[in-house]
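Several structures are given next for inspection.
Shared chain: chain A. Partners: chain B in the first complex, chain C in the second.
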Partner chain A sequence: MSRPLVALALAALVVTGLAPLAVMLLRIEGADLAGIFDARTASLLGRTLLLGIGTAAMALLVGLPFGFLVARTDVPGAGVLRALGVAPLFFPPLILAMTWCVLLPAFRGAPAAIFVLGLSTFPLVAVFSARAFERVDAAQEEAALLCGGLRAVLRMELPLALPAALCGTCLAFAFAVNDFGVPDYVSSVGVKFNVYADEIKFNWSQIRRPGKPVATALPLIVLTLGALVPALALRRRGALATLGHGFRQPGTLKLGAWRWPAFAFAAAVVLLAAGVPVLRLLWEAANMPAHVRDADASPGAKLALGWSTLREAFGLAFEKARADLRRSLLYAAAAAAACAPLGLVLGHAIERARSRAAGRALELACLLPLAAPAILFGIGIITLWNHDATARFYDSGWMAVVLLAGRFAVFPILICAGAAASFDRALEDAATLSGARPARRLGAIVAPALRGSLVAGFVLVFVFAMRDLDSAILVPAMNKTAIFRVFNGVHFGRDSYVAALSLVLLFAVVTPGLLWTLFARKRLEVLP
Partner chain B sequence: MKSLQAALPVALALLASCGAEPDLRIYCALDMVHSEPLIQRFAEETGLDVEVDFDVEATKTVGLVNRIREEQGRPRCDVFWNNEIAHTVALANEGLLRSYDSPTAADIPETFRDPDRRWTGFAARARVFIVNTELADPAEIRGMDDLFDPKWAGKVGMARPLTGTTLTHMAALFTTVGEARAEEYLRAMKSSNENGQLDLTSGNATLMRKVRDGFLAWGWTDTDDYYVAREAGAPVAVVYPDQDGVGTLLIPNTICITRDAPHPEAAERFVDWVLRPEIEAELARSRTMQIPVRPDVPRPDHVPGAEGDELKYMEVDFLRVGAELVERQAAFQEMFLD
Partner chain C sequence: MSDAVRMRGVAVHAGGERLLGPLDLDVAEGEHLLLVGPSGSGKTTLLRAIAGLAPTSAGTVELFGEPAGPPEKRGIGFLFQGGALWPHMSVAGTLRFTLRSSGVGAGDVPARIAELLEQVELTGFDARMPATLSGGEKQRLALARALAVRPRLLLLDEPLGPLDAELRAALLERLGALHRELGCTTIHVTHDPEEASRIATRTLHLRGGRLANGESKA
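Moving on to the complex of A and B:
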């Protein structure tokens, strides 16, 4: 470990990610804490737990078999399904909610919220499970196959993959309990399904007690950390348990008669979670709901009209949002690039820390910016940076980069920590013996080996930065981004324009990951 | 070295985004599609470099209001163009706005002007019922209490009264019908939702879509949302409620200059420009079809006037509504967020 480098990276993490939270915590007074819990808020918290557990269960039930099928079996189109299966993670969950509320108007309340958030977060389980199933030693698997066929293989491998799958499940829980848009939207019809994140959102208007919303956020932060900390422990166990010396990559498992039913399951999952929302956006971009209502037009004329509307909508979306899209790409790419060295240095430091406790403490500190509600983070940024001395910086695009990097640096840091854990330390020791200094070892030995993880971290930060709205709404530079324009447009009934803009944004979000997957030799490594 | 070379263009582009300080900075909660062209025209006519920050539907004005509050140590915003009134009054009461008596607002009725001239109202929206004419006869719907008529059970809705114009509407109700009556109305809303008789949507635009698409027969919304559905050819009609009762609520846009606006002269120029009758007329003709608050501003036939015998409007003490807004919202939160 290079101490100056680690100190520098730590300072960057403190300034960008932890200081905005610290200045907010300073607002809390004793009276703010006293009133956090009563019967009403406890009930909200209970419902939030229900939402989190339901979402996590659905993500696990869908993600675990999906991950197994696309990573290990001869299911047709496994590679394509695996790539497409990640797509729902790129969609703002509200877009999924809007889609399913149109398609299933009677499906409402808690079950609908769980369904939508489950579809949105199952890729977290699928990605982790897929990687864990790939790490089962071929020798063990062949022995199980000989003893009892596919059933025995599953019995042997499931416990090995379960920690990784549960890690993804904990992440799904953490995302679900912080969402307020989906529960609110899906219960627009029927009995209202309120959650605790709503309470935090509305408390920001209580101006006479500036500490109250911050205090209100504490239970949710604890709940989120309560999911993220076990996720880290499970990730360590799940990522490393099956690897040992003499590891041999397992082959593809033959499903036999189950091949096509398995394909139907995996394809249905991708269709429900990614295909249907995209098709619905295309349908709305073409303004087909209105064209279909036109009783006088023939089907051909309706299609022609739809095609023409689609072209107009995309033309308008590009014309109106070109500059915003360029800014979004710039901020997201810059934040992702800034996070890469942070990820390398701090991720490596977490795994190579002299004391285990120090490593874990650093890991926990990295989680805090993501565990805190987005609006708290955004207001913390204003409080911290909107001063005369930093005015030019606050008003500039750099502020957006700092916000996004501070909030999402946790992804590359933890990904690199996982990769560093499985990286043979003997190589670093050999370099030390040959006189290489810590910074040189990090740059010349560790960084090349972690390239896949660094790119995966870059892609994740880029994706989350492109779709971030809640914290960005408070920072000036972020007001001129593509996601902002999409949600500004939702109000006006220009559904075709908004749908086209959403599709353009989705395309921009998936592009870097897609390009890397298509053209790079080294794969993205979210897990080592 | 290679990575440094790759980072250089990004850094340069970001440096380029640190543009010079603008001549005027506007925070605008009116829908971007309607306000952006007007602001651009102002910039072209005056040659000023104008920067605008908009709001999104999800935050219902509160995003910009919170920013003005949080930035008060170093204000960035010169002019706040709000699409409603209650939060503007609240900002005025917090001492965050300065007085400016715009000469172009001289003919705006006093009802829509702050006595201390810290804000001016113009181009209003009305709180109305949007009715799907395939599911309900607009003639059968007359006032706010029809929402709880058992014959409409499961077919009516409104936005949750925690943000936006629905919050302002419900807070205004307390000043017009009295505490007990308003409280009773809100309790009826709450119990009707629990009984499955009344839907509480995530906003007025969502409510409009539910009615437009036939999931609901009718519900409370704003005139601009109704006009959006009407323009799209949906089978909808508007009902201006309580014409034989308390009247229909009008919620004007408001414009104000912040207390320590960095560019006060440019801010005054913009306020004067926006408050001209021509802009009210233009907003009346636009897709948002706002109701001019001046009686003599030309408007399309389907846009009612804000004064005269045409419609009965609710008499609201907006100063009181703004002063009570925070407490009202907290009380509504206790009631509706459980």
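Moving on to the complex of A and C:
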């Protein structure tokens, strides 16, 4: 572990991720705390808890069986379903909310928010579960198979995979309770479903007292940490455990008569979470609802009209939002590029810290920017940087990069920490004995071995930066991005242009992961 | 009396590579067959083919005069190389799980667990987790699990592999005693020809996935 490198990385983490939170905490005054225990706050907390628990339950109930089926069984098209099943995590939740609220206009309030966020976060549970089910030793599985068939296999493996699934569930909960865009959108018509994130934004934009939104957010931070700390503990307790020597990959389990029903379940999940939103957006981008209503036109003419509208809508989207899209791509790529080395240094430091307590403390510190509500993080950025002396920086694109890097650096850090835990320490010791200094060991021995994890960290930061709305909504530098334009578009009149822009944004979000999957030999290693 | 195992023209392929056979094998009921061969000779694959864990690409397998069914219906106890113990289950939990999965009624389970633990000399170890057991204790727990299904055919894959000389001798003696007590047919795989020759009734050599000439009888 290179001390200068770790110190440098820590300094970067403090400036980008921790200082915005610290500066907000310092603004709390006694009067701000008065309101956090009143009935209104309790009611908001109750609604937010309902959203978090509902989303987490849906993510677990869908993600666990989905992960098992696509990773371990002979369900038809398992590989394709597995790849497509990750897609909803890459989609901005706002876009999912948009499509489902149009398809089911009466579906609003808490059930709609839980449904949309459940669809958006189930891949977290599915990916973690799939990896856990793949890591059951073949001989252990065969021992269960011999004594009771597939049922015994499931009963034996479920407790082994459950910690990983719960780890994903905790993350789903944390994402849900901090989401602002989806509850706000599904409440824009009909039943109002206010949650904590709404309240924080309201307190900031209406009252303009910096301490008030922070004080309001404190219970939510506790709630989020209450979900994220167990997730870390589960990771450490072997939820994503390294494999022992002599591990043999388990074979494909045969479902027999359940093969096609299982396929129907997995395909329905992918269709609901990814297929329907994309198809609906295409339908809207082609303005098909209007063309279909045209009684005089033949089906062929309607399709031709739709195709023509689709091309126009995409043309308009590129013309009007080209600069915003370019800015989104630049900011996201720059933030991801900055976070990757941070992930390597701090992730390695977490695993190789001299004392366990120091490693844990560092891990928790890295987690804080994500544990704080996104909207509060954005307010912290404003409070920290919106001064005369830093005005030029605050208004520039660099501000956006710092915001996104500070918020999402935790992904590559935890991914690299997991990978470093699986990395044979003897390889580093051998380099030490040959005289390599810590920084050289990190660069020449550890980094090449963790390449797949570093790229996975880059892709995750890029994806979340591209789809981030909540932390960006109040920061001027982030107000000229593609997702912000979509947000404005859906609130001020939806048309084929907004749908086309959403599709362009979706394509831009999935592109790096898609390119890596298509052309790189090494797979993305999000989990060790 | 029918053969416990009757294999005709059995072959196993994986990824286009031949791992085993084609071979014929007969094992009489009550026999303790020692199957010897170097690493990679196909010993484990042969056991897995008998158990139904390795799909055969050719040939037929009959057990006790019947065509072999799915793995869990074959009445086979399998002691896996390295034990393959379930890390999240205690000693008693492992046996309880095996017994319940193989259809033993809940009321009979405690007595059967006690009996099995006594058979493998692990009485009092009920609450211990696999990670806290020594190498010999782990192998005996794996043996107890294999015996829990009251197997008509016991398959032992390098059962003495990870143990030191003293423990090997003790476990070998236990295996011999159990074979005499239970009378179940046993196929014992090892790379060491000396390992179990004194308790085996017959020894076969496997090389390159085929049974070599020079079968020897004890």
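Methods note: the second predicted complex is superposed on the first by the 494 of 528 C-alpha atoms of A that agree within 3 Å, B and C clash if a C-alpha of one lies under 4 Å from a C-alpha of the other, contacts with A are read in each partner's own complex, and residues count from 1 in each chain.
Just so we're on the same page, a residue touches a chain if its C-beta (ideal position, glycine included) is under 8 Å from a C-beta of that chain, and two chains touch if they have at least 3 such contacts.
Only a predicted model underlies this, so the values are computations on that prediction, with no experimental measurement involved.
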| item | value |
| --- | --- |
| Contact breadth on chain A, by residue count: chain C or chain B | B |
| First, second, both or neither for A:Arg485, with chain B first and chain C second | first |
| Contacts of A:Ser422 with chain B and chain C, given as first, second, both or neither | neither |
| Partner chain in contact with A:Glu142 - chain B first, chain C second, else both or neither | second |
| Contacts of A:Trp398 with chain B and chain C, given as first, second, both or neither | first |
| Touching partner for A:Thr432 - first (chain B), second (chain C), both, neither | neither |
| Chain C contact footprint on chain A (complex, rising order) | 137, 139-140, 142-149, 151-152, 155-156, 159-160, 246 |
| Contacting residues of chain A [partner chain B, same complex] | 40, 43-44, 102, 105, 181, 184-185, 187-192, 194, 198-199, 202-208, 289-290, 293, 327, 330, 333-334, 337, 379, 382-383, 386-388, 391-393, 395-398, 401, 469, 473-474, 476-477, 479, 484-485, 487-494 |
| Contact set on chain B toward chain A in their complex | 6-7, 10-11, 13-14, 17-19, 21, 31-33, 53-59, 62-63, 65-67, 69-71, 73-74, 76, 90, 94, 157, 160, 162-163, 193-194, 196, 199-203, 205-210, 213, 215-216, 225, 228-229, 231-233, 287, 326, 329-330, 333-334, 336-338 |
| Complex contacts: residues of chain C adjacent to chain A | 48, 51, 53, 70-72, 74, 76-78, 80-82, 84-89, 97-98, 100-103, 145, 148-149 |
